[in-house]
Amino acid sequence: MNKVAVYRKAHFNAAHRLHNANLGDAENAELFGKCNFPNYHGHNYELIVKLVGEIDPKTGYVYDLKKLADLIDECVIEKMDHRNLNLDVPEFKNLNPTAENIVVVIYNLLREKIESKYELKVTLYETERNFVEFPA
Amino acid sequence: MNKVAVYRKAHFNAAHRLHNANLGDAENAELFGKCNFPNYHGHNYELIVKLVGEIDPKTGYVYDLKKLADLIDECVIEKMDHRNLNLDVPEFKNLNPTAENIVVVIYNLLREKIESKYELKVTLYETERNFVEFPA
Amino acid sequence: MNKVAVYRKAHFNAAHRLHNANLGDAENAELFGKCNFPNYHGHNYELIVKLVGEIDPKTGYVYDLKKLADLIDECVIEKMDHRNLNLDVPEFKNLNPTAENIVVVIYNLLREKIESKYELKVTLYETERNFVEFPA
Amino acid sequence: MNKVAVYRKAHFNAAHRLHNANLGDAENAELFGKCNFPNYHGHNYELIVKLVGEIDPKTGYVYDLKKLADLIDECVIEKMDHRNLNLDVPEFKNLNPTAENIVVVIYNLLREKIESKYELKVTLYETERNFVEFPA
Amino acid sequence: MNKVAVYRKAHFNAAHRLHNANLGDAENAELFGKCNFPNYHGHNYELIVKLVGEIDPKTGYVYDLKKLADLIDECVIEKMDHRNLNLDVPEFKNLNPTAENIVVVIYNLLREKIESKYELKVTLYETERNFVEFPA
Amino acid sequence: MNKVAVYRKAHFNAAHRLHNANLGDAENAELFGKCNFPNYHGHNYELIVKLVGEIDPKTGYVYDLKKLADLIDECVIEKMDHRNLNLDVPEFKNLNPTAENIVVVIYNLLREKIESKYELKVTLYETERNFVEFPA
């Protein structure tokens, strides 16, 4: 009856730049400060994926964390690791790659591969001091 | 009216092996991979116990964390630290010691010692990258 | 529709002593042990502030974390960093500076500066092993 | 002329038990306490491998850390991960698997695969609080 | 022949204030800034004690880390934990409790209890970002 | 007589790409793998600066760590934080920004601002698992 949450941590290293193409340079600089510098900067992103479900009595698992790790690799790490989020990842072609937008993109990528019976939540650390979570 | 959550972290070192005695060796190997190796492996388990309640105006505490630490020692650490979960801990005689099952066992051990007015949640780290929580 | 949580971590170093002025010395010593020693001790407090809201499509932010960091500095760090909580911080003149009481004080300081449309939660680490959260 | 040190971190999970087969049970229990419990316990071992050498002007590397990671996998992780050090790893057949002895074994395994022009040092964390280094 | 280093981590929480009684208030304020505030602040001090020696073939230990932990408790933690370094610890009666001076005091306390055949080094973290080591 | 080491930790976020302009694309791809991807990736670089010297009896400091923090900001963080190392930092115009080369550049930037009586060492974490130190 009561459910258990399982968590798997992963990471990727990427470049990005905060920029809204619909706004002028001065407004972008004001809104995003150093994060708007033209030649990109980057982060070691840390990702925590949480699934909630019931324990399978056969395995004692809610979800095989090895399988979850492989899924995160396939859906997220392959796409974003050692990449420039603005230039290389189609999801950010017209979407500013803030931590908030990245975490929603990652959630959507995983959500379509994980059966709906599992509740899903994603936490993304951009730095040790700044992090985000979706859904809240 | 509003409640505060208090958390206490503890740890123990234990050996275990994932194995379902109702299944054959081949199926166990396939389900659990390296975690099924016959001679056990082990972990530094990290445990976080969360209690939710109201602040006692006399002490300023929700729950004396020294008392909580002692309770965790008595109920959990004494039983599991430097032990083989499969062989030494009766709760796992017929229960596969996955992180999910361990966290539920720990929750139940603590739940009977902590007054019902406190909401209780337990988080268990098996490795830095794999962890579980009960109830979710 | 779905909301995103954003988190900002900060820290301050302060002295404090647990003591209830309405109780005698023996009872204080019994209730608070080493935390009641008369000449104060201290901690590196770690603070995590969580806001929940919707992503602003213009910025891609729920809340500018640089602005949140500045707000935490102004409201909390300026007031508590390198201070003696019992002697220097008026909020604790008649309130025992337990982690539980500190986190509620910090929540209230921030709550009045952050628009009500944002849900707010504060986590405070007193040590790596003892921490609290408000509201729970 | 001046040399640079490069470090690579890895980890493995293993069971072990401290026991000197030349001593009686009582002496073993006295020497090793809980670490001598008969059914093994275990750890998340963290390993840091340090190489010192000159920067290769072609690559800008002292040593390709991807190659070092692969070497650690082959020589150490394959042999020890998810294993019982006492029963499964031949080097400990007649050698007590204390952190000190494990770190020397790991050093020797790596030393024969790494050219002698590189200085080598290995650090091994048994727990967050207990760790060892060889050579000192 | 080759020696192994063993490390043990401990911690204590203390209040202190940087102040040189031979200097005036203005000079103290200028030299030490917020660290000179009159009512003290405090830290979660993290301590790492390193001993270097040969492996004892009987135990496989350089030094029993349980014994080292007890020694650190007796010599350092008992004296400094939950104390005001300036007021409660005689060594700082006429010595400014900077991290540098504290680490030398701790080294001296331990050095007289540890046989001279072991090389000793002490690292002290005042915050996650500021730390010191003696001897260098 | 005996010297004390003091350490200060800092961090910066930067984009980079490993590439040797004297080599062809195929050889660059083979040497550097994902780190050679054309549009850059990035890291949260963690920097630890170590100075060794004698304690000044007036202050109790080897070196004022606030002053050291400011110096690191001026010489290193201003130049590299939120920048593209290959494009924005002149030192890497003809130098491949591997961790090894970055740590030597940082050492040289600091060495000219720190009096020669202090021994200087710099550690640079590119990820939690890969780090370098100069001089070794």
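All chains are identified by letter, namely A, B, C, D, E and F, in their written order; residue positions are counted from 1 within each chain.
As a working rule, contacts are C-beta pairs under 8 Å (C-beta built on N, C-alpha and C of every residue); 3 or more make two chains touch, one makes a residue touch a chain.
Here the structure is a predicted model, which is why all the values come from computation and not from measurement.
Undergrad: Check every other chain and keep only those touching both chain B and chain F; list them.
TA: Under the touch definition, chain B and chain F have A, D as mutual neighbours.
Undergrad: What's the minimum number of touch steps needed to get from chain C to chain E?
TA: Each step joins two touching chains, and the minimum needed here is 1.
Undergrad: What is the chain whose Cα centroid lies farthest from the Cα centroid of chain F?
TA: So the farthest one, by centre of C-alpha atoms, is B.
Undergrad: Tell me which chain's centre, taken as the mean of its C-alpha atoms, is farthest from chain C.
TA: Relative to chain C, the chain whose C-alpha centre sits farthest away is D.
Undergrad: Suppose each chain is reduced to the average of its Cα coordinates; what separation in Å results between chain D and chain F?
TA: A distance of 28 Å separates the two centres.
Undergrad: Just the number, please: Cα centre separation of chain A and chain E in whole Å.
TA: So the centroids are 41 Å from each other.
Undergrad: Per the centroid of Cα atoms for each chain, what is the distance between chain C and chain F, given in Å?
TA: Inter-chain centre distance comes to 34 Å.
Undergrad: Check each residue of chain A and list the ones that touch at least two other chains.
TA: 128
Undergrad: For this entry, which pairs of chains touch?
TA: Chain pairs that touch: A-B, A-C, A-F, B-C, B-D, C-E, D-E, D-F, E-F.
Undergrad: Flag every residue of chain D that touches chain E in the complex, lowest number first.
TA: Residue positions touching the partner: 18, 20, 23, 31-33, 95-101, 103-104, 128-136.
Undergrad: Once bound in the complex, which stretches of chain C touch chain A?
TA: Its residues touching chain A are 2-10, 52, 55, 58-62, 65-66, 69, 119.
Undergrad: Going by the contact rule at the top, pick out the chain F residues touching chain A in the complex.
TA: Touch residues, chain F against chain A: 11, 13-16, 34-35, 37, 39-44, 81-84, 87-88, 127-128.
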